[in-house]
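Here the structure is laid out as structure tokens; the discussion comes afterwards.
As written, the chain order gives the labels A, B, C, D, E and F, with residue 1 at the start of each chain.
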């Protein structure tokens, strides 16, 4: 049974990474996985949350949100509801945790990098696109901080971070599910990995079904291959110079 | 004293209107006034708010919001604060009220058009850009509703709506203020007008200063000229065909 | 077409200003525009909001609210809803902004004057009555602060502030609309002005209608005349001595 | 040790009851116990809360609140805090419960009487003044409902309700405590009673002290005498005709 | 008319007090009044609330809550509602106030004891069981603080505190009502008393009925006898050694 | 390097399952994993959430919470904060999703089973203990529903569900981490599995570290063995008869 867009089961959708999408944040990246589009901004802020104050360590945090117009059926704003939903919390925490895996927080000093991942258009895989784009925004923010002489270690990123979804649809393991597949998947998994091939996060869920150990193994295989491809796209995107003006006129 | 960007006192910044920015909403427009960029989406929803139910009339409502990364200094999300701030409420109400001035709500039947104006990048004049862009998104939504045979009157829009800011800066009346001028303006005014030259809304405020009747008159003159120019830009943008697929394959 | 209460189109309702309505605040004024009654209290508080701290400047802020029993149909308390509505926010901000236009905040030192405008009975024009009454309460609070030797400049008020509504009803421009007129006005405008005849704030809105430049001009004419009359009432009310006991036994 | 205002230990402060204070609610009463002033409004609403719907019974509910300017030191609005405090909840529940003791809810049909008790000025005993005034507002609302032919039983009130505070101050039992006594009372009690001399509610609290059975007995004696006096004041106030216009022109 | 469980009108249900129910808090007591079960934990916290800071005095506060599964019909969590209900606030305040009556807060220094009373199973009288159990938890926390050398006075408890409900059911005064009686009681009273026989709090309410002075007297008699019996149970429970490990290895 | 409690790396802590802990819910289970104690209640409710209404299908949902006294340092109640935290949301969703994997929701008809998992004492692994206990409570609720003749299929449970944590501590893979190990684990994973050995959920996170594919494989091995052991404990616990009274006197 073929996929609606003709991809093979282990292929990614078309991936596009646009740096310098906004003018103010130190890093601002529009990432696209097919029709899914997420704006990832990395803003540098003086100081750290109160519970971390005085530690000498920096902090990286993330907030995920969706524009009401991003989905097929208009969503209600969480600001209007007056509370952030469980799914939003869960994804925000996942993004922050994932990105903290690649950075030496001591090198930041007591500064915070806030990663805002706002979904402009949703077609499945918004959280994995967000993580993949947020890494590029984070890398730009690090370049900015370095130019501003705010880093105690000039290379605080030990690896790159990318993420992809994988699932069981129509009884077959498939990579990078669009909404049409995701909404009827029997098993749904998100994998976050480094460019060294190690794992950062594995979250797999049977949706009204359970899955065997061997299905898990195949899903992990597909996901690691997908993340390696995404890491190459990130490297390509970051090969170009910093897209804005750096502090002190550095290049 | 010249303006930082070299414009004359009564000139607009460069205006760009991009239709079809997102795939799902019936209308989706990216509007740019210089560096200010606002995404205006018009979503069609069955039904009307409860207080209006059974009236046979439709409804047009608006919600304005700013991405945390849109401003020079990162803002706190209102969903995180758990409440919508006064400024946001005020602008959302202004946008909805302004757009309702051009439409025959009876022609919609009991349907709602929700206008979401999300600021991607802020550099002054976000509310006036939002109104100007929302009109174009609304016009596209009307085309969509017409193609879907959901309108009782095929031309429910009686005029177009545009808005611009005007203020007193360095003692001079100036049109379309960027943030750098807005933040130190002595008087700040927003004017919403139709392409017939009539007024929809006038909001002028002395910021730690008062202003004379004759200054008011000059500001209104500048604003009406600016709105007329914006109406021409809207007409140009809407001259191209509907940017997506219409219900029933209509063109 | 005559007005229900027999007034000419450019006449105010009967205005009454009662100082010393409450015992505790430094200024406490009951202002009545016909049946509209608003209690305006000016409370002096040590310190300023955090964002202003260390500036050496004082602050004037306002909160507007309506008793649930003030309106024809009982309203739901905003404390019960758990959030302040958009209209309340908008009016609170308008009152604060308007009153800050007449005062030299440096003279206050780092003290705050909180203006609480609580509507006891609503019959149209509550926000304009609130501004007009709040000025008188503010003037009493300044007298109190002066007696307490807390002002660096003994005359920090540069002018007086009054406000009035004006609208188009039955096709005619009319001043100071009661609820019966306000609820069916085609255009609704609030004007805040000083006793020098200059403008502080102009907010005009077409309610399902637009208005011409010449209607705007007539509305401004009516409003400025009305504000001048209100300024005379304020002066009269303030001619009597301070209605309570002053710090240090001053008179 | 004499009381600051010269009263004997078992005397009430001066009590004033003003009916018809507002124009819109069916009952509106300003009640004053010395400097304590509470506005009690009784609004008639169609229908009952959902949990009571279909029972054929009416409902009487109450909401207590304090203007921020009512107290010596300005209070923060509960609408601004976004939540109603424990004390407010407790008093609102007490008022509603107390007034329901005198009324046959079946006679109301499925209508609600909402009692809004808003403290204009606080000087101790606000909750007992509120109950005492709310009874008079309720009685006026019943007259209104009767004139509107909405009662199945023309006399649904079986008794009157009044309330008073009593406490131990300076080692002596004292009636109707002003703030100056209340704030340093060792024991603080509120008693709600009917004009038949029976009890509706007794709430006594040692404030950092305990009290003997015999002190309790004396406090109850004082309170019952005070409530009897308040019942006479209520009767006097209600002897005058209904202060507004009744439905159907009834008198 | 006999009681469903065969008790005489002035008898308590079976009372069980289990100390050391949890490992972490300084005091942790499961108290049972028949089927009513409340877990009372006393946690020691450094510092006092801000409004008390710098006074040199400690603080005792309480929070009451009910598990959703504690009642016959599952309740909605207050965390899910996003606000604490009036009843919960009222009871939390009652517990805190009652326990503060027995302790010399100066002896604590600027430390807080937080009393968490969580109802595991509800069958009437949860607030009185909570107070009775909280006293025992508090006594254990005092023992812990003494062992930790944190008390300036080794015996800061001047008496013990217990509470019981009493009401009028089937026309008879009855002690310690289970839910089946409580839900149809005509009068409902809670009494908090010390082991010296003095009163801390008396709260009596007619539920759709009023009550005479002589009924009040009988209810107080029953309650004082009940509290004396509870005080004996508390003494027995506290006769055993501290149920966990004390700081510094003290016994 | 040995574990503090002497267990081998792949051994569970002592597990205790007590059914019938509370009287009212259809299922009520206290589950203990060492010192971690969670009360799991399964309450049957008529009807389903609105979005599911009319489907003919039932629903199983879960809410997780922690008593403030459950942790080493007292926590702040989420009802007091006024919002549910991200972690709580995440775990509640996990529990509900996991338990829905074993049940045929069509067999329930339009009824809901609410699973309340309240942590009485926390020492690591509270979410996995909650899932393991909730299954037993769910099984009891199914017995209750069957006795009440409310099931269309008498055996709606297709398997049992258990969960366990596994992590990397001191460089070694270890099963069922207590707080002392969990707080310093380099990798933390929770696995939910059926008694058939299939997987329901896999959530693994590097905590400031990443992990290799082969570490993942070992962790899954340990977890599946642990879940199989837990499934045996559940079967043992459920071998005894239903611990309360069943509808219709069934056994």
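For this structure, a couple of remarks:
Heads up, the rule we're going with is that a contact is a pair of C-beta atoms (placed from the backbone, for glycine too) under 8 Å apart; a residue touches a chain by one contact, two chains touch by 3 or more.
Here the structure is a predicted model, which means the values were calculated and not measured.
Between chain D and chain F, the least number of touch steps comes to 2. Note on chain B versus chain C: their Cα superposition corresponds to a rotation of 180 degrees, in steps of 5. Interface chain E/chain F: over half of the residue numbers present appear on both copies, so the contact uses mostly the same residues. Chain centres here are Cα averages; for chain C and chain D they lie 32 Å apart.
Chain C and chain F have Cα centroids separated by 59 Å. Distance between chain centres (mean CA atoms), chain A to chain E: 51 Å. Counting partner chains per residue, chain C shows two or more touched chains at residues 82-84.
Going from chain A to chain B and on round the loop of contacts, you meet the chains as A, B, C, D, E, F. The touching residues of chain E, counted against chain D in their complex, run 83-87, 89-90, 92-93, 97, 100-101, 159, 189, 193-194, 196-206, 208-213, 216, 220, 224. By the touch criterion stated above, chain A contacts chain B in their complex at residues 22-25, 28, 35, 39, 41, 43, 45, 63, 65, 67-72, 74, 77-84, 88, 114, 116, 118, 120-121.
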